[in-house]
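Several structures are given next for inspection.
Look at the two complexes coming up: chain A is in both, with chain B in one and chain C in the other.
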Partner chain A sequence: MIYSLHIFDRHCDCIYHGDYAQATAVAGALDASEQNKLVYGVIYSARNLVNKLRREPASDAPFLAFSTSHYKLHYYETPTSLKLVMITGTGVDTQAVRDVLRAIYRDIYVEHVAKNPLAATTPGPSLVRTKKKPVDNSVPPHALITNVAFRSALDQLVAGLMAGSD
Partner chain B sequence: MFLGLWIINKAGGLIFQRDFGESLARLSTNDYLVLAGTFHSVHAIASRISPVPGSSGIETLETDTFTLTCHQTPTGIKFLVVTSPGHANIAGLVRQVYDLYADYVMKNPFYTPEMPVRCEQFDANLLKLVKAVN
Partner chain C sequence: MSTTKPLKTLGEDVWRSKMEKVSGELFVLTYGSIVTQLVRDFNQDYAKVNEHLEKMGYNIGTRLIEEFLAKSQMGRCRDFRETGEAIAKVGFKMFLNLVPTVANLSADGRSFSLVFDENPLAEFVELPDDAKRPAGTVVVAPSSSSATGGAAATAGGSAGAAATPLWFSNVLCGVVRGCLEMMQLQVEAYWVSDVLHGDDINEMRVTLIKVLEDEVPAGED
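Now for the complex of A and B:
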């Protein structure tokens, strides 16, 4: 049971958000951008918590997943600080989903987005000190993934996984 | 391997923290207080971002070197039990810790609820439990 997938770039922007299973409407439902911000906040804090508690400095992001009574959130971070977050039902094996997230990065993101010469890429860390502009919610992030091939490949993969698990 | 125990009160303040074994980093008291506050908030937000209604906060947090299990009591106290990843029967361990808390902390007439835990009997019996488990 896969509920949703979020991809965040290194500037904390949500560049992709996909909803899959019929998530029953939560009373007081949040709109998409609020949801994205909360998810990012949760993974950012969890990641910092885990990094602080580790003895040796973490070479690879150690935070793997957390689960609650109703869902499980899986986290995979690439060396380029791209963060993939997948929310599934409970009881799903962490390592299996980690492999899936790695496959999504390797086979779908790299193929359709990183290798796409026309895709808008996340700007790198700025070397020039510019004045920080206030966050404008109506403007979509620069690196938003609008690639149809990416979306359809991802939908196919998720549909395959959901069908396989039933 | 039982690696550590933290107890957080209803307001998010850390009232007890003990490390057993060497796997976790040694931090200052202030760092522990900040981490406990962070966990308290993350626990609350986790129930908010749930795709299905009625979710609890974080119950388990997995990393590659340790697993953190959070047991929240109906009174709002959170017990964070840190174990090594392959530890079997974490639920039983959490239950035993909660039993010790009920016996040596809550039944102590000089202990004020929600305040830092300073009960010798609790510490002594906790060490005995750790030795039995590890």
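Now for the complex of A and C:
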């Protein structure tokens, strides 16, 4: 049971958000940009927490997943600071989902976004530290993935996974 | 996710199994025609051509790193020397089937050279005399050379000294810079010697300027 997938870039912007299983409408449900910000806040804090509490020196990205009574959130970060977050039902094996996220990165993101000369990619890290401007919610992030091939390949992959697990 | 395979084996495996191959001659001739066109467009101003090639390489590098990471599944390197080894044994092997050697590691570990025995990009190339570096000149890093035109410092200038020599494979410097910048490392990469200028080997110097910090979301800092 896969609920949703978020992809965040190195500038903390949500460049892709896909909802899959139809969740029943919860009272006080958030709109998409609020939800994206919340998810990012959670993984950012969790990642920092795990890094600080770690006893041995780095392997990369020790934060893997967290689970609650209703869902489980799985996290995969590439060394280029691209973050993939998948929220699934409880009881799903994290290693399998991390393999899925890795496959999404390798076969779908790299093929359709990184290799696409016309796709707007996030500009590099800023070499000068500037104060971040307040987020303007009405303006979509510069690197928002609008590629139809990306979306359909992803939808196919998720549909295949959901069909296989039921 | 860090692999325990030695880098050399990893590079060969990835090159053999996961990379699409194209005709080498087609690639090299296309690159040559790009450089020729740039030289014509900039009216033989080799400094500008070098800069433009480097910028092109930078744009390539920022995207290439994603494919590199996805196919090689490498994690972060522990120090800059390991970064150099990874670039040489895995990166260049994957994309160009070349394995330069990492040499001249500086004492503080912030700088290394990549030495290429052969440069396939320059296979069919011969440079005109005004594009070559005069024999006996010493190359300094572009950032430390004078702001006026960036001429290479001459140790005993010779009569036919060019304003700036043409670094034919400068796109590779840009690729290295672009890739490393996406990994939060700001570096400077420049050619020190080139077979096309009459030297024995092609040597690229890569120097770490600083490690960039990750961005924090708005409202956190």
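Criterion: the second predicted complex is superposed on the first by the 158 of 166 C-alpha atoms of A that agree within 3 Å, B and C clash if a C-alpha of one lies under 4 Å from a C-alpha of the other, contacts with A are read in each partner's own complex, and residues count from 1 in each chain.
Simple rule for what comes next: contacts are C-beta pairs under 8 Å (C-beta built on N, C-alpha and C of every residue); 3 or more make two chains touch, one makes a residue touch a chain.
Treat the numbers as computed from the prediction; the structure is a model and nothing was measured.
Chemist: Superposed on chain A, are chain B and chain C clashing or fitting side by side?
Modeler: Superposition check on chain A shows chain B and chain C fit without a clash.
Chemist: For A:68, is the partner it touches chain B (first), chain C (second), both, or none of the two (neither)?
Modeler: A:68 sits against chain B, while chain C stays out of touch.
Chemist: Check whether A:153 is in contact with chain B, with chain C, with both or with neither, and answer first, second, both or neither.
Modeler: In the superposed model, A:153 contacts neither chain B nor chain C.
Chemist: With the two complexes superposed on chain A, say which partner A:80 touches: chain B (first), chain C (second), both, or neither.
Modeler: Only chain C is touched by A:80; chain B is not.
Chemist: Touching A:144, do we find chain B (first), chain C (second), both, or neither?
Modeler: Touch status of A:144: no partner.
Chemist: Considering only the touch criterion stated at the top, classify A:50 as touching first (chain B), second (chain C), both, or neither.
Modeler: first
Chemist: So, does A:41 touch the first partner chain B, the second partner chain C, both, or neither?
Modeler: In the superposed model, A:41 contacts both chain B and chain C.
Chemist: If you stack the two complexes on chain A, which partner ends up touching A:12: first (chain B), second (chain C), both, or neither?
Modeler: second
Chemist: In the superposition described above, what is the shortest C-alpha distance between chain B and chain C in Å? Please give a whole number.
Modeler: Nearest C-alpha pair, chain B versus chain C: 10 Å apart.
Chemist: Which residues form the common part of the chain A surface touched by chain B and by chain C?
Modeler: Correct list for chain A: 41, 60.
Chemist: With touch defined as at the start, can you tell me which chain A residues reach chain C in the complex?
Modeler: Touch residues, chain A against chain C: 10-12, 37, 40-41, 44, 58-60, 78-82, 102, 105-106, 109-110, 114-115, 121, 124-127, 129, 131-135.
Chemist: Once bound in the complex, which stretches of chain C touch chain A?
Modeler: Residue list for chain C touching chain A: 1-2, 62-63, 65-67, 69-71, 73-76, 178, 181-184, 186, 212-221.
Chemist: If you look only at chain A, which of its residues touch chain B in the complex?
Modeler: 3-4, 21, 23-24, 26-27, 30, 35, 38-39, 41-42, 45-46, 48-50, 52-55, 60, 62-71, 73, 87, 94
Chemist: Touching residues of chain B toward chain A in the complex: what are they?
Modeler: So the residues of chain B touching chain A come out as 22-25, 27, 31, 35, 38-39, 41-42, 45-66, 82.
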